[in-house]
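Below are two complexes that have subunit A in common, paired first with subunit B and then with subunit C.
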Partner chain A sequence: MNDSGTLPSILTRFQQRSLLVGIAALAASAGALYVGDSTEFYKAYLIGFFLVLGLTLGAMGLLFVHHLVGGAWGFIVQRMLEAATRTIPLVAILFLPLVYHVFTDAHPIYHWAEAGAAAHDALLQHKAPYLNVEGFAIRAGVYFVVWFVLIFLLNSISRRQDETGDGRLSNRLGQISGPGIVLYMFTMTFASFDWAMSLDPHWFSTIYGVIFVVGQVLSSMAMMVVMVPLARRNTDLGLAITPERFHDLTKLMFAFTCLWAYVQLSQFLIIWYGNLPEEVIFFHLRSHGGYEYFAIALVLGQFVFPFLILLSRWPKRSMKWAPRIAAWVLFVRYIDLYWYLMPHPEPGTHEAHLHFHWVHVTAPVGLLGIWFFAFLWNLSKRPMLPVNDPRWKEKLSHVH
Partner chain B sequence: METTTSGHNQAGYVPPPDVIDRSETYGSVTNLIGSIPLEPRIRPGWITGFLVGFALLQVMLLSVTYLLVHGTGVWGLNIPVGWGFAIVNFVWWVGIGHAGTLISAILLLLKQDWRMAIARFSEAMTLFAVACAGVFPVLHTGRPWLAFWLLPYPNSMQIWPQFRSPLLWDVFAISTYATVSILFWYVGLIPDLATMRDRAKNKLIKYIYGTLALGWRGSAWHWHRYEIASLTLAGLATPLVVSVHTIVSFDFAVSVIPGWHTTIFPPYFVAGAVYSGFAMVLTLLIPLRSYYGLQSVVTMRHIHNCAKVMLATGLIVGYGYSMEIFIAWYSGVEYEQFMLITERMTGPYALQYWALIFCNVITPQFLWFRGVRENLVLLWILTIVVNIGMWLERYVIVVISLHRDYLPSSWDMYSGTVWDWGLYIGTLGLFTTLIFLFIRVLPMIAIFEVRMLLPDAQKSEEKKA
Partner chain C sequence: MTDQDASLYGLVAEFETGGELLKATENARKAGYTRIDAYSPLPLHGMEEAIGQSYTRLPVVVFFGGMLGMIGGYSLQYYTAVIDYPIMIGGKGLHSWPAFIPVTFECTILFAAFAAVFGMILMNGLPRPHHPIFETPNFDRASQDRFFLAIEAEDPKFERAATRTFLEELNPHAVSEVTH
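Up next, the complex of A and B:
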């Protein structure tokens, strides 16, 4: 317990490198902005932003679930999840360039934000009370305030409990988690409408917010599976992590993989079968012009491969292989977001064409690099296990 | 009100209530549950309940007979509302069934020990609910004696069902669901049937239980195979929890009818199904546990957890409604706005719509409070309100979307006739009758599973490890 608060050396090295890589990649990306590829830059930036937002809010969602159900798996990853949520100030700062972009750019990636865009577009006029730059900024402010408050509560109560060992605080964590999930669902749903769905302001889908939330939770779970074997060296975690508990984590990752496929299939099947032009355009754009390869890669990479591999018992229990699969799942999150956010019809047509720009890689890498630095920095500040939680003490007396 | 916690622990943490009364022993648990089917006397409460159910079952008999003699014209169906009570009731009953499968399959995989005491009962409820559900589409075909046409089989006319229709997927989904549920339930019953065989005094009863127990002797091999079988069945049943109501939602969502065609339908239908299922579990369990004195086995933990699942799924349903409304406006599609906002909220069925919102969205908010979850009378009323709400939800979805066709000249109103109500109430009778028969002839709680929860069993488990 004495070495609590120190990161294993492998993570310390990773922390420094991720900061360097992050800064270098962001600097390179800024170059794209400088030479005038503002659309490419901001779309790539948006992908990166959704990746770090997902790792942050997904962790918050998992913490709520953990405090509500209280399985042993949750205590293993609780501190890592908390560290991930505490990056929220950074995530909020990283959002500011998008606000700046929407307010100042003559041709923002959100078509509705363009001056005069609604003049000849009856649908945009109809949506103007919602889709306008002031509303965009105000709502973003509200979302971040809600997330700040929830994350502050989760972390400060947990910290106080660590210091005092007060068992009532464990109950308190459970009490805030129910409303927390509700707030998370609603804020993230509307955030996904504002920041992602409105990229095509004519298109709509009621399951869209759920898809984003599931993606976030999946990415956080996958990151935990990657992190646990790395973080267990020379910390308390090494003793607490049994094959059974690790198995529980990978089972949850497997479940979220299935859930991801389920919500995606729900959206696809209903829109494809109904075949209404205003809806099916979404899949039309994403299954032509080069994006069909992304679609296939997504089906195979985000569902078929992980599903078939994780169906067996041994990869789920292998601390060598499960993290690799999880790392792959995290990588495919990038393909997923690329496929969701990037396709845009050529002016005057209903066709999109894949055109790759190096900033599509550097911007997400840059954001992720900085985020990982902040995450690992947070992680090094607190003990690796909530050892003073009475619920955890109770778990220790059981086998699983 | 009952004591709900096993006391504060040293640091002030209030743990959830115990999953079983710690004073119970192997013998007392076996006696408590096993004696109910074997007791020779007929309890007045049981016979009253059974007779009420049986009387309602006669209403069903009458309604079906009248329907078969006169045809589906006796129902309130018209053009454009070609799907009325039959589909509403079908979806309602299938939904109710979902709790059993969720409890027995998903909670098994999640190692939730509170599942053990209520799984058997909920699974039985699932089977009976599916039986009630199955009545409606078959009768709705109009000529139920030709219902086998729904199945793909090589016939001389070379006619095949329409594989691209979700209604056909329903046929497969529901029949698979019924099959797996029966298997799962029966496999889970085997060790207890053997217990009943060993406890029965009457030769004939002993023989019947013995036959059903398939020669179970409780050897290590038997248990080993039993564990594998039940895990496999749980794995098979888990996707079914989701798939059945997903396909039911496709019946609506793949069409292009405003109010039906929306992508949130699959998860929100599944959540709604679990919501009504848990409500029905509580509706039945709360009176049963006090009538048979099962409070030490079906504890406040079970009540709390069922209520919490209701709250969670009720919130998901509420989320679904709000997405529908927001996106109807946001889409800018006039048909969507007309159907989901104007017609539902202010149209001729506005009363049903607002009643639905009250029952399904407002009511479950009370479950946030521990006091409500612990007040059994209030909770019981609440579960009934929720089940009415879930019925209204399907009514709103089916009837409101159909009664306004694209052409105003095709508009019409719909209401169920006495025969619609008769058949619906009749299936409630079928359900009640089957439930009462079940609790009289089979142990309604898995004796051998509940034994595993006893403090002694827990200790030996830990020693083994």
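Up next, the complex of A and C:
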């Protein structure tokens, strides 16, 4: 074992601290459960869960894209993306509390899961063959099995290539990536329907899953831009990163920023045009009662601000500034999910009111802390570059 | 320009590979020549840095082209929907800005693209029916299989004899004097 697989000391320190912060924040959050704020806890937990799920599955999506197009930028971050996907067992475990909650809580965050909820609700009766707790658990199992298999294939083939240097394995990675993207889209669409959209079981939007996928890929790309300058102190990666290759990464982050705005606007524009009461309720709840500030913050923070800055060339090539913008993008992912998952109408009304609870912060911080520990632990286990991939050897002679 | 007659455009060296041209360009920059240009039938990675052309004002032109398209596209819709031919549709108000966004976006892209293409053409000094470089012997092969490096006579470091020696040391296929 050479030292190419070891982490730079700055990341080792970060790894230990993130575990401590994660455990402390989760323990504090569990306190909210004991004092009876179960709804607040699980809503906050759901936000944190979607954040770590996004960093995991977004990495899987980027790996698919990388193996299909094979640009040099992909080889720089391939090992970090693989390390992120290998946290999927942890993510599956972190999902279990939500299953437990749906089965046991008298007032689950998913209204449809409440005993007797469908009795006076014709629409819920109609949707009951899909929206029931057993189906919820079985479908979740199916999604995780699909993700496990895809992630296992990506990692095991790449590992075998490390050991044998077999060039044909690169083609195998490409062959699973095409179907992989399709499966990712399908499973994540249904997962977002089950876990997020069904928070309001009367409301529906077909682009909902795409919005989640784009958000996930955006968060993974932003995390790579943050990680590359930190991890380059590792010698192998430091030599491989050229300004051109770093520029490619930030260009992709810029592209996903625009794509995020595009899919969000697509949903908004169609609902706004149609102006049907059962559809506009989504944006009505999210533009009143305090949530309008979140909406404005999102438009400015997730689109206008990063767009205007990343439009220029120099911030995209700056190893100092690009990671700061990427960190901001990651932070706004939290605001986005908060705005999506938190608003809930007061009983008997069509109005939602923003109310902060400290667990809204501590639960996501706790999940992210534990996830980052697992991610960095995975990262330290393998060499930082796929040096035996013939496609990478070929790239070494080029600037791009 | 020091001791040349005014009709001289410069000295042009002809190379057989892109690698040689890239190296020659780097050497010319290192030797202090600034008015140089390289001609190649295919894009050469690293040529941008070698020739020292790191800054262009084209992005600024494109940005303002995009801004013009954005303002123009929005104004067009505002004028038609609110001032010139107001019709209430779906009870949404005359100035229903969400419906204006797609067209505004498309106009931004269109005008930015126009600014990029026409700005590039104008800033490159085009259209231009003739350029002295075409007097170089064999120059038609610059679009096939030969690579050329020109050092212009206007370069402050240019001296006919010394520059010719410098170019010949780079091991070219040929060095020619090109006149206006």
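Here is the rule we go by: the second predicted complex is superposed on the first by the 398 of 400 C-alpha atoms of A that agree within 3 Å, B and C clash if a C-alpha of one lies under 4 Å from a C-alpha of the other, contacts with A are read in each partner's own complex, and residues count from 1 in each chain.
Keep this in mind: a residue touches a chain if its C-beta (ideal position, glycine included) is under 8 Å from a C-beta of that chain, and two chains touch if they have at least 3 such contacts.
Being a predicted model, the structure only gives us computed values, none of them experimental.
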>> Let's test your reading of the overlay: on subunit A, do subunit B and subunit C clash or fit side by side?
In response: clash
>> Tell me which touches more residues of subunit A here: subunit C or subunit B.
In response: B
>> Contact-wise, after the overlay, does A:L123 reach subunit B, subunit C, both or neither (first, second, both, neither)?
In response: first
> Taking the superposition as given, does A:S312 touch the first partner, subunit B, the second, subunit C, both, or neither?
Replying inline: second
> Looking at the overlay, what does A:Q267 touch: subunit B (first), subunit C (second), both, or neither?
Replying inline: first
>> After the superposition on A, what does A:N171 contact: first (subunit B), second (subunit C), both or neither?
In response: first
>> A:P345 in the overlay: touching subunit B, subunit C, both, or neither? Say first, second, both or neither.
In response: neither
>> Output the subunit A positions appearing in both contact lists, the one against subunit B and the one against subunit C.
In response: 269, 273, 275, 398-400
>> Quick check: in the complex, which residue numbers of subunit B touch subunit A?
In response: 8-15, 109-111, 242, 246, 250, 253-256, 261-267, 311, 315, 319-320, 322-324, 327, 330-333, 368, 461-462, 465
> What residues of subunit A sit close enough to touch subunit B in their complex?
Replying inline: 71, 122-123, 126-127, 130, 165-168, 170-171, 178, 182, 185-186, 189, 193, 202, 204-210, 251, 262-263, 266-267, 269-271, 273-276, 278, 390-391, 394, 397-400
>> Quick check: in the complex, which residue numbers of subunit A touch subunit C?
In response: 265, 268-269, 272-273, 275, 311-313, 398-400
>> Help me check something: in the complex, which residues belonging to subunit C touch subunit A?
In response: 45-46, 59, 63, 90, 92, 98-99, 101-102
